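Chain naming follows the written order as A, B and C, and within any one chain the residues start at number 1.
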Amino acid sequence: MNIKLHVWRQKNGADAGKIVDYDAPDISPDMSFLEMLDVVNERLITKGEDPIAFDHDCREGICGMCGMMINGTPHGPRKATTACQLHMRSFKDGDEIWIEPWRASAFPVVKDLVVNRGAFDRIIAAGGFVSVPAGSPPDGNAIPVPKMNADLAMDAAACIGCGACVAACPNGSAMLFTSAKVAHLARLPQGQPERDTRALRMVNQMDAEGFGGCTNVGECEAACPKEITLENIALMNRDYIKATAVYRKERAGGD
Amino acid sequence: MTAIAAPRFLQSTVGKKVVMAVTGIILFGFTIVHMLGNLQIYLGPAKFNAYAHFLKSVPSLLWGTRAILFISVLLHVVTAVQLTALAGAARPRAYSFRRWRSASYASRTMMLSGPLLALFVVYHLLHFTTGQAHPHFIKQDAYWNFVTGFKVVWTAVAYVVCMLALGLHLIHGAYSASQSLGLRTARTAPVFKLVAYAITIVLVAANISMPIAVQAGVIKLHVPTEVPPVVVGVR
Amino acid sequence: MAIKLESKIPDGPVEQAWDKHRFDMKLVNPANKRKYSVIVVGSGLAGGAASATLAELGYNVSCFCYQDSPRRAHSIAAQGGINAAKNYQNDGDSIHRLFYDTVKGGDYRAREANVHRLAQISVNIIDQAVAMGVPFAREYGGTLANRSFGGAQVSRTFYARGQTGQQLLLGAYQALERQIGLGKVKMYPRHEMLDLIVIDGRARGIVTRDMVTGKVASHVADAVVLGTGGYGNVFYLSTNAKGCNVTSIWRAYKKGAALANPCYTQIHPTCIPVSGDHQSKLTLMSESLRNDGRIWVPLKKGDTRRPDQIPEAERDYYLERKYPRFGNLVPRDVASRNAKQVCDEGRGVGETGLGVYLDFADAIKRLTEGGVRERYGNLFDMYERITDENPYKVPMRIFPAIHYTMGGTWVDYNLMSTLPGLHVIGEANFSDHGANRLGASALMQGLADGYFILPYTIGDYLARTKLDKITPDHPECKKVEAEVNGQTKKLLGIGGKRTVDSFHRELGKLLWEKCGMARNKAGLTEAIEKIPSIREEFWQNVKVLGGGEELNQSLEKAGRVADFLEFGELMCRDALHREESCGGHFREEYQTPEGEALRNDDDFAYVAAWEYAGEGKAPILNKEALEFHAVHLTQRSYK
């Protein structure tokens, strides 16, 4: 099939960038979307033109590295599917495809379709963990977890940190991402000791990174390749409100 | 780069949403009560005017309510503007091509329906409360004001449009508030949705029915025994 | 100038080795730990766990990865699970049994002491991961669930849906992020290690390229740890992530860290077949599919009928036929080789003829479609997404693919390479899996190395070693930086005609054919002759556009492929020299009359550690003899 591409090209963070059109003839419907871009790039290189930079690694929908707006939705038209798992058979011969990077001030563009998602790491660093040093934990079965809670925790923990939620949100909000981690740990007994501070710290960091607020539009949930639900955001809101209510200044360390 | 642990509730996006939700619910609650009160228009001028009188009979209640409403509107609007500014800063550059997957029209137009409601509130106050925007305002006769007000076609149309905007705002907002306050769970979500949708629809339908009823002649001016104290058309 | 391979295995029975060793190791005083710095390259299970743990102990850690976030290391892709000898199911498992299974599964080409330590530590890993909030699958009573995996006779595999690697990695990543937040780890994402800095015979740092700005810089420390994963991508098509590479251990090799058993590569039997030349990687589907699916091909050669038109009598369920006892559940290498064999006979299915059917028709009859969906729904969805075929209606097509590499940098019991100060962990070392890795054991090894072994052994090294203070201005650093810059310039300056990928594909195809599932002398010799010519053409005709001082993905790939082009040759040499079949290494000349791998314990019960001899010189083979005291060597049989 023959495809026409409109791709965002931007040399680096300082460059203004623009949409550039490319023809992509002879595309096999069995190609993945990224393989289509590979082919386009091979042709560009042969012609002596700079290939389109895009992030990817595992190409099986789990590392969260890939991500771009494809025809106005993150990762393209297929539900619960990352760009690397999207196949060209989702398009028709003669289709035009618009490809743009995630757009959010917290995700500055590095080049073309590549953005910097370091803000997500900093949100996790702020509190998305259980503080247990290696070496001293109790036996695994000493902490029973009701199956339902384990399942719900796993649902939330399935987040791959790709940033599609931010890209999809009309407010550029990172609440789905942040809440997925808050909810994962809040559902488990292991996460309880730090539950309040986690919600406070992670939300504070999320705000400091310059993400927008949530207006419960639900685009994030619809765009999420791992089908993380809005329910997690409600849980995070709840935890944050409660944590604010019970907050006390930490005391300085003992002896 | 250790994170700030202390709550900064009102600065936080979560806290701001709580403000939106709480003030939104107060306003929502008020619109419900307001709608219930107004429905008495169908019971005739005596009942309606008695109700109107009653509202003004306890000044502390009146002004207390007005104060709460005023503060709510103020906070609601200020926070809405703040959140919109945050959202704008979070995505300074729009996509060249955008397709929505699930976002409802209502959810995407809160900042259109909302400001329209603000204008409406101002107009509404000038229209029925203070009377400046009313062609035949009579201070003591709410029923009269109501009917003559809605006899003006474009006024009736404007009210209907604004009530549809209110519906649009609430069809998203009323359900959204349960999420902002963290009340929603997989199990409670359908309940909140049902309640929010049902009340919104009833509210809008009831509110719209009134100007339409006036236009259709279902709600009429006074029966002869209740001649207005003042001459029609003069104030 | 052969190096001395001192394995440093503690004396005495293997059961006590690790405890004894832990006591014998020197400790670094807690207050002194903060005076030491450690570089960790890699943020996978091994590198991520090590970085977090070293930082918890007080060391100053710098951690590097090539992805934009440490959370994206390839460990994230592991699906099946992680083994541990917990015996929670009361089915007779024990540390000794896991140890025994692993040594046997590795076809007796691993060190007993290392494997025993791994089995011992396996139980701590689960405890640790649970405490960190890894959402392992649970029973209704709230206890941890297990499944049996990869043909094991006991249920010792812990799992988190089909995303065990992801969840374990996120656990390590979160611990790492916590240390980053506390300022104990400095994280360098999008930084690629391009060379090692050796000063006074010790590994003291690395040279990296900032993949965003292109800046080449030196980082120095008291010790260097590599946890950079496997080199399966030397075959171009593999189940590895696109960025997986051999660069770090190859550069280390050239600086004196011997590389062991590079020919031990593992093929996974249940991958989705190649669909065309555009194919960029292969997708693995969990081995568990073989529990219920039946593998077959048509009896007749070149049978192009649709599968449902081929009557039962004209199908060959070859695994069930040849291995009545294990049937479709034979180990990975056996299943893979048999698939290749039937395809070589011209009985393969699909457009390319490189595939066999994995048929669930019987399972659907037995369990109903709903039952099958419950067990494998997500895998079936993934299959359909990629192939556009509905596996509930048509049999799946599968074909083996390169999946894991057992070979890697030679390390002693302390996980230190032959280059003092350089420690290598996870899949990057030659590891504890011998010639074949059992399912669900790589995650276990990576975490054992990272959480529980390296943090002790590196302390011992630091406590025993007197190190001079150095800075990145050291002349050696400048020299290595200049070399790295030189290579970048060279790559950018060639201005040839062919893309990097085209060379990578060519190399991969050659290796897959000659050094893949089955190898023979003639093929390997041919490959060893051909690779240098591909390499030569690469250096004359590759086309790398753009500049060095920007994000340049072609340049990144070019550097990796340049190293693969050298490494591939060593892999073939290793395969050629090992005149026996063992585990993942199958030499056609050495098989039993029934076609099974035939080991030669008299001549090859050793680790082959290759030493770099200099540009253009043949590498030197060093041997570490393997001794077996606790386990008896037997011939594997699955008949």
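Observations
To be clear about the criterion, contacts are C-beta pairs under 8 Å (C-beta built on N, C-alpha and C of every residue); 3 or more make two chains touch, one makes a residue touch a chain.
Bear in mind the structure is a predicted one, so any value in this text is a computation, not a measurement.
Geometrically, the chain at the heart of the complex, using CA-atom means, is A. Taking each chain's centre as the mean of its C-alpha atoms, the one that lies farthest from the centre of chain A is B. If you average the Cα atoms of chain A and of chain B, the two centres end up 37 Å apart. Work out the mean CA point of chain A and of chain C, and you get 27 Å between them.
Distance between chain B and chain C, defined via averaged C-alpha coordinates, is recorded as 63 Å.
For chain C, the set of residues that touch two or more other chains comprises 181. Contacts with at least two other chains are made by residues 1, 3 of chain B. Residue numbers of chain A whose C-beta contacts span two or more other chains: 122, 125-126. Against chain B, the residues of chain A that register as touching in their complex are 6, 8, 19, 69, 71-73, 98, 100, 103-106, 122, 125-127, 168, 170-173, 175, 197, 200-208, 210-219, 221-223, 229-231, 233-241, 243-244, 247, 249-250. Interface residues of chain A, counted against chain C in their complex, comprise 11-12, 28-32, 34-36, 38-39, 42, 45-46, 48-51, 53, 55-65, 78, 81, 85, 87, 89, 110-111, 114, 116-118, 120-122, 124-126, 128-135, 137-141, 143-147, 150-151, 153-154, 157-158, 160-161, 184-185, 188, 190-191.
Those residues of chain B that touch chain A in the complex are listed here as 1, 3-9, 11-18, 83, 86-87, 89-104, 107-108, 110, 172, 175-176, 178-186, 189. The touching residues of chain C, when paired with chain A in their complex, are 49, 52-53, 56, 67-72, 74, 76-77, 86, 88, 124, 126-133, 135-144, 160-161, 163, 166-167, 170, 173-175, 177-178, 180-181, 187, 189, 212, 241-243, 275-276, 278-281, 283-284, 382, 385-388, 451-452, 455, 497, 499, 501-502, 543, 545-546, 550-551, 553-554.
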